[in-house]
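Below are structures written as structure tokens.
In the two assemblies presented below, subunit A is common to both, partnered first by subunit B and then by subunit C.
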Partner chain A sequence: MFCRVIVRDLLLILALFPLLGSCQKESQVDQATREGILLLGNSGEPKGLDPHIVSGVLESNILRALFEGLITADPLHDNATPGGAALEVTPDATATVWTAKLRPDGKWSDGMPVTARDFAFSYERMLTPELGAKYADMLYFLKGAEDFNKGKTKDFSSVGVQVIDDDTLRLTLRGPTPFFRQVLKHFTWTAVPRHVVLKHGKIGQRGNPWTRPENIVGNGPYQLKSWRRNDHIDVTRNPFYWNAAHVTLNGIRFLPIGNPYTESRMFRDGQLHMTYTATPEVIDLMQKKHPEQLRQEPYVGTSFFRYNTTRQPLSDPRVRKALSYAIDRKAICGNVFRGFTPALSITPPMGDYRPPQDRGFDPEKARQALADAGYPGGRGFPRLKLLIASKETAATLAQATQAMWRNTLGIEIEIQNKEWNAYLVAMQQLDYDIANAGWIGDYLDPLTFLEMWTPDNGNNLTGWNNPAFAKLLQDSFQETDATKRFALLAQAESLLIEDAPVLFIAWQSRNYLLHPSVEGWNPLLLANNPYEMIRLIPGR
Partner chain B sequence: MEKGTSLWKDAWHRLAHNRAAIVSLFVLVFILLLCFIGPLMPFVKSPTAINLSNTGAAPSADFWFGTDQLGRDLFARVLYGGQVSLLVGLVATAVAVFIGVIYGAIAGYAGGKIDDLLMRFVDILFALPFLVLVILFALVVDNPASLFTDWIIAKTGFARDRVAPITTLIPLFIAIGAIGWLTIARIVRAQVMAVKKQEFVEAAVSLGLSRPRILFRHILPNVIGPIIIYTTLAVPGIMLLESVLSFLGLGVKPPNSSWGILIKEGADRMEVNWLLLFFPSIFFASTLFALNFLGDGLRDALDPKSAKD
Partner chain C sequence: MIRIIINRIGQGIITLFVLVTLTFFLVRAMPGSPYTEEKAIPAHTLQRMKEYTGLDQPLPVQYFRYLKNLIVHQDLGDVIKKDGVKVSEIIAESFPVSFGLGVLSIGIALMVGIPAGVLAAVRKNTATDFICLSAAMIGICLPSFVIGPLLAVFAGLGLDSLNVAGWSSPGDWILPAITLGLINAAYLARLARGGMLDVLSQDYIRTARAKGAPPTRIVIRHALRGGLIPAVAFIGPAFAGMISGSFVIETIFQIPGMGQHFVNAATDREFFLIQGLVLFYGFLIVGANLLADLAQIALNPRLRKS
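Showing the complex of A and B:
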């Protein structure tokens, strides 16, 4: 009887299906387009909205709508540096002292004026050791910032930040930095509202509630409207934004969709204007069905593995090299990372910088190096673990490299799968053997890929400590000549390749799906597209 | 004069007349044989051998079910994955049911203070979140289990491919089994309490039978129906739980797989290559259907109150 009821119900549902399909209902994207709301897939729930605390790409996508730096990204050109909160930022003759002239009409979303004092306060807050800002090293461009952040001095006046008047800020850097305007585009250099932060807590207080939806105040084109955890974040027009009259979109909705396959299905079902990413299978599918909706663009990002150089036997550079030489990057880029480029250095091609090259795939050399290290044919090699975060593409990559190591070196590596936060903690505590990771450039200069490998940098996480490498970077900070500076950086990078604390896998490309109604979303190397000039054209 | 027959003989007789149950039994045996004996055949390929130049291939004489996103033979992966899913589903459920039935029967039959004590302990365990407990438990036994794997390989010389997928599951068996018995204990307790007041139990008591004998010979066979129904309902749940835990990094580790994981991977890619979803799903669904029909048949067959025919 039970069975029969089910069968009857199923038949009923099947019979109704065509009826359901025939109702012409406006898709969510069409409706949002009509209302001027951009629907973005954003891969996950943000850790927070405090620009001094967070460090991920997905958070930066939201912060770009809520906060505006002195310099902002240009919707078309990577090299352009239009003023944002500042009218202009001008260097002295050596590009060491920079003067920012703020907009006199700049306002926070609560109507208070944005002043130079807000910026000075923000940089002090970011560098205050008690705050524990993970990204504080982005501000090490400032003279004295590193000493202050590491607690060597308590006196913020020793840091190169000077308020001249309400609208004028002077930044003194550690050395000549001709590309400083590029750096200023990054969200770590945006200001937080001094009056709001201090109302809700102290300057160095972690977990200050000022970023809660009911408290947060920004100076960007949009302000936070609502935040429902694991559901969506809505931002809406900021009426006090200096250029509010020219903001085209009425709002943006960020959706934390973790599974890229689910995300692309939602896109094809008319629930998203744009996806965060597109997996190889989705690329194949879209190339066949809707090539015009598939975007594949260059990106400044690298996929790599970290080695824990403090652990046996990875403390031996020969072992690390053996593992690196055994990876066939071409095969990986053909399948797992469709459209990526095999990486032979940590720095992807960028401007005039020519990075030195690692050897790449060389099974003979790999076996030789492993034998030299005392494990001929992989005999006696301990079972190492490859740490990955629970994400779809990471597991595929890990299984491919696992097989390559087994086939080339005869060694068995175990895949250790951890939830994202547990994965981060394991990496920070050096509680891993080999870890899958990626790095997206913060600004357009090779330094953004190199500085992280200095011994006490918060993103090193390999235990690798080479004073010569740090020295070369220090020297580059004082070098005014661009060619000589790049030569120093290349020399440092060759040390990184020589010691091999990192296994380079691929230079990334940005693959995503974009709905035809979105106009003005242009390829940018850092994918830091400003939202305010995006147009949504109904009926496409 | 009618010749006396045992409960089990009656049951078998009734089961043999239930066509759905018998067909299910055959299907189940077939899948079990395929998954556990099949991989020993020389024509079944390695489930972990990667070939990046042959990814997502269509079914062919060489690859019966085609290949997956890393060029691995899907047929082999379905068979090996079946070992994992069937073992977890059947063994972990058996562990849970075994503990739960004994625990619940004792609590229900003893009654009074013992019952209170035993059931309050169950309540406490029920109050703790199931998934968190299983994760904690599996974490604790994870490392000993991988040492055990290495030990087995060293002792027996079997290939890691064949040993590891099964031995790394031991934490999962223990974890799910040790925590999954709570519901069944409650069900059995309630049933035993209802049955123990009936006349045939009083008769057994007045005959002077020992308490364990009354409990296990006379009461338990009368509550076998709910137990079997619960068991057949629990198996699919536990198989799904396995894929959840594996996704969180406990249980099956890549490159090894299970039906749950294969179905998840296949569902992700179904628009591109629906066969990746189709084949593991067919196996998974047939197993669950068969288990349900068989459970249904067994319940009818084992009910001592049902009429003789």
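Showing the complex of A and C:
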């Protein structure tokens, strides 16, 4: 009797649960496609929605829906720079003074007009030292911006931002910047609504509640509808957007899915139109089952190792080169990073820039270089440590390179795995021998990959100091001719290759899954696709 | 009884104070800070950011300021990396989710674990006992990061009515609740079995049997009350643990609960968030232990007398 009661209870429980969920028949993706709502995996919870405070890629994905800069991304071409909030942004002959003509029909999502004053206010806010904007250096292209941001002057009129009238803004830069339109695509250059920001706080006040869901106002194609932390952010059409009639999607749902395996399961279960990423295991699975849903596209990111050039024997360029020549990048890209391309320079291919190339995998040269440095056959070579963070494919990469160094050079490298924050601290304090790292460009110009290797840059972290490199970059800041400028940058990059403070491994790609119903999501190097051009086709 | 409660509350307050103090200094002893980022923050900006959160002050000043805000203003502080967001907001938003999941899971744990344990004890050394014990052992040994994805792949992808992740419809709740519930059911089954075996060998049970009481009545009326005492002692802290969220379950099933904040706050060096969450968790544990003690007293007359 007692046993029967228990068995009955258990069967009841098992029967009850699927019944609870049986109200769902149409998948979430099918329903969203029908309603014109794009379901996007966005890798994590955003730190905020204030373009002056946040700095991450996942935040920029949301900001792109809510705010529009003077220049916006083109849905098809990386090099194209169509007007966004501005009808046009035109340079003078030296590409130093740029004039932006704003759209007269540009409006904020509360119906107020977007004016040049909003942009000037935004740049002043971003640079105001009290705000402590992490990404303020993105605005250092402006004349006097760095001094103002570092508190050397309190007079904002010394910064190259001038409001000519409500629709005209003049930006004076620190020097010729022919690629400035590309820089303007970055979210740090978007405007924030002056009237809303000042209603909720002062210009340099942190913790200003203007971006809370009940307060936020933007000028992008969408406006914030709801935000449930760690669950979703919903945006819906902004009726005041100047091009609202041509906005195709009715809304977007950003899902902060931190676990890539959960994300791929959600995609396969019909809960997502697009994933943020795809792990090597998922790539293998999808290549077999649904290759048409797997996307692998070039991305402006480079994976590399930093050498601590202040430590023996890595202070010797021959040792650094020996380590570099011993790495079979093709094997790494094929087996560790699916879809990545072997990197022979720090700058990935972009636009018309042709970076100089490093030698690549050359076991003979590697052994020779190590012997020249005094370690023939690896004899007497100290046991160095390769610092990695407990993230993603870092451990696999480290094991692969460890084996390559052992097989080619006869040396033993120890893998030092640290928790993310401890790893960053070790790297920033130069408390490492070799460290795994990566860099993602902010805009499409080689400068975004080269500037960090100047001696006083906080992201150098190798101890490498070559005045000739810094001088070439300085010269490029004064060069008005685009071809000559690229030649100067390529020369600088040659020095980086020659001195080898960095071991380039791979140019990154973006691996993700895309549902067949999504149309118009084209490969872009910065993955900054404008959402308003995306279409959802039911029945696919 | 009232004396016991007052005594336990006093002990709880001291425990919480020690917990707050230890957490405060331990999180600051970790390498790195909330401002350690891949892209280095310029020194002048870093200084402004620290001034804003008060982290530029010496450690004792920070500590007493934190205690003052906590006791006088009941303010747990700000989330450092999320501009303008309070720690209390994060807890208020995520706790109900974890609580909901915890209640569902403990329901499953009780409905599966207790009957299985009792059944195993009643059918001691039979195939039923062996099956229940083996299942419990598997449940204890298999971690949630194995059970969770397996359930998601086989049940979630297989059945239209179940979603593999999310937290907005009943179809989302089932798999995480089963995953979290089954692990605790396994512990409960073992404890219930042990407790029941102990009680079933007591003289008063033998007397009941001798008097001809039906077996079901003996188990339910006479043995269950005493046999469940070890399981009840486990339920208190287990329930506190379940309602405060599970990082693994929340990550696997994309649930906006408290567990994710716990781990992410530690890796992000979110000092105030860690302190707030630890304090809240400590509060739950102290409260749950108090309730478990009271429940045990209610179940066991001997404890009442002592």
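Please note the rule applied: the second predicted complex is superposed on the first by the 369 of 540 C-alpha atoms of A that agree within 3 Å, B and C clash if a C-alpha of one lies under 4 Å from a C-alpha of the other, contacts with A are read in each partner's own complex, and residues count from 1 in each chain.
We adopt the following convention: a contact is a pair of C-beta atoms (placed from the backbone, for glycine too) under 8 Å apart; a residue touches a chain by one contact, two chains touch by 3 or more.
Keep in mind that this is a model prediction, so the values were computed, not measured.
J.: Who does A:Ile332 touch here: subunit B (first), subunit C (second), both, or neither?
T.: first
J.: Per the contact definition in the header, classify A:Gly258: touching subunit B only (first), subunit C only (second), both, or neither.
T.: Only subunit C; A:Gly258 stays clear of subunit B.
J.: Touch test for A:Glu419: subunit B only (first), subunit C only (second), both, or neither?
T.: A:Glu419: touches subunit B and subunit C.
J.: Figure out whether A:Gln271 sits in contact with subunit B (first) or subunit C (second), or with both, or with neither.
T.: In the superposition, A:Gln271 touches subunit C alone.
J.: May I ask you to decide whether A:Asp137 touches subunit B, subunit C, both, or neither, giving the answer as first, second, both or neither?
T.: A:Asp137 sits against subunit C, while subunit B stays out of touch.
J.: After lining up the shared chain so the two structures overlap, which partner does A:Gly458 touch, if you call subunit B first and subunit C second: first, second, both or neither?
T.: second
J.: Which partner, subunit B or subunit C, is in contact with more residues of subunit A?
T.: Higher number of touched subunit A residues: C.
J.: Just to be sure I read the superposition right, which of the two partners does A:Arg229 touch: subunit B = first, subunit C = second, or both, or neither?
T.: second
J.: Under the contact definition given at the top, report the residues of subunit A touching subunit B in one complex and subunit C in the other.
T.: Comparing the two interfaces on subunit A, one with subunit B and one with subunit C, the shared residues are 259, 261-262, 265, 268, 419.
J.: List the residues on subunit A that touch subunit B in their complex, please.
T.: 259, 261-262, 265, 268, 279-282, 284-285, 328, 331-332, 334-336, 383, 390, 392, 395-396, 398-400, 402-404, 412, 414-419
J.: Can you list the residues on subunit C that touch subunit A in the complex?
T.: By the definition above, subunit C touches subunit A via 30-32, 36-42, 44-46, 48-49, 52, 78, 81-85, 90, 93-94, 108, 111-112, 115-116, 118-119, 122-123, 128, 149, 152-153, 156-157, 159-174, 178, 215-216, 219-220, 251-257, 260-261, 267-269.
J.: For the complex, which residues does subunit A have touching subunit C?
T.: Going through subunit A, the ones touching subunit C are 1-3, 6, 9-10, 13, 17-25, 27-28, 47-48, 50, 53, 55, 129-134, 136-137, 149-151, 206-209, 211-212, 228-231, 255, 257-259, 261-262, 265-266, 268-269, 271, 419-422, 424-426, 428, 458-459, 461.
J.: Per the contact definition, I'd like the list of subunit B residues that touch subunit A in the complex.
T.: Its residues touching subunit A are 48-50, 52-53, 55-56, 69-70, 146, 150, 160, 247-249, 253-255, 267-269, 271-273.
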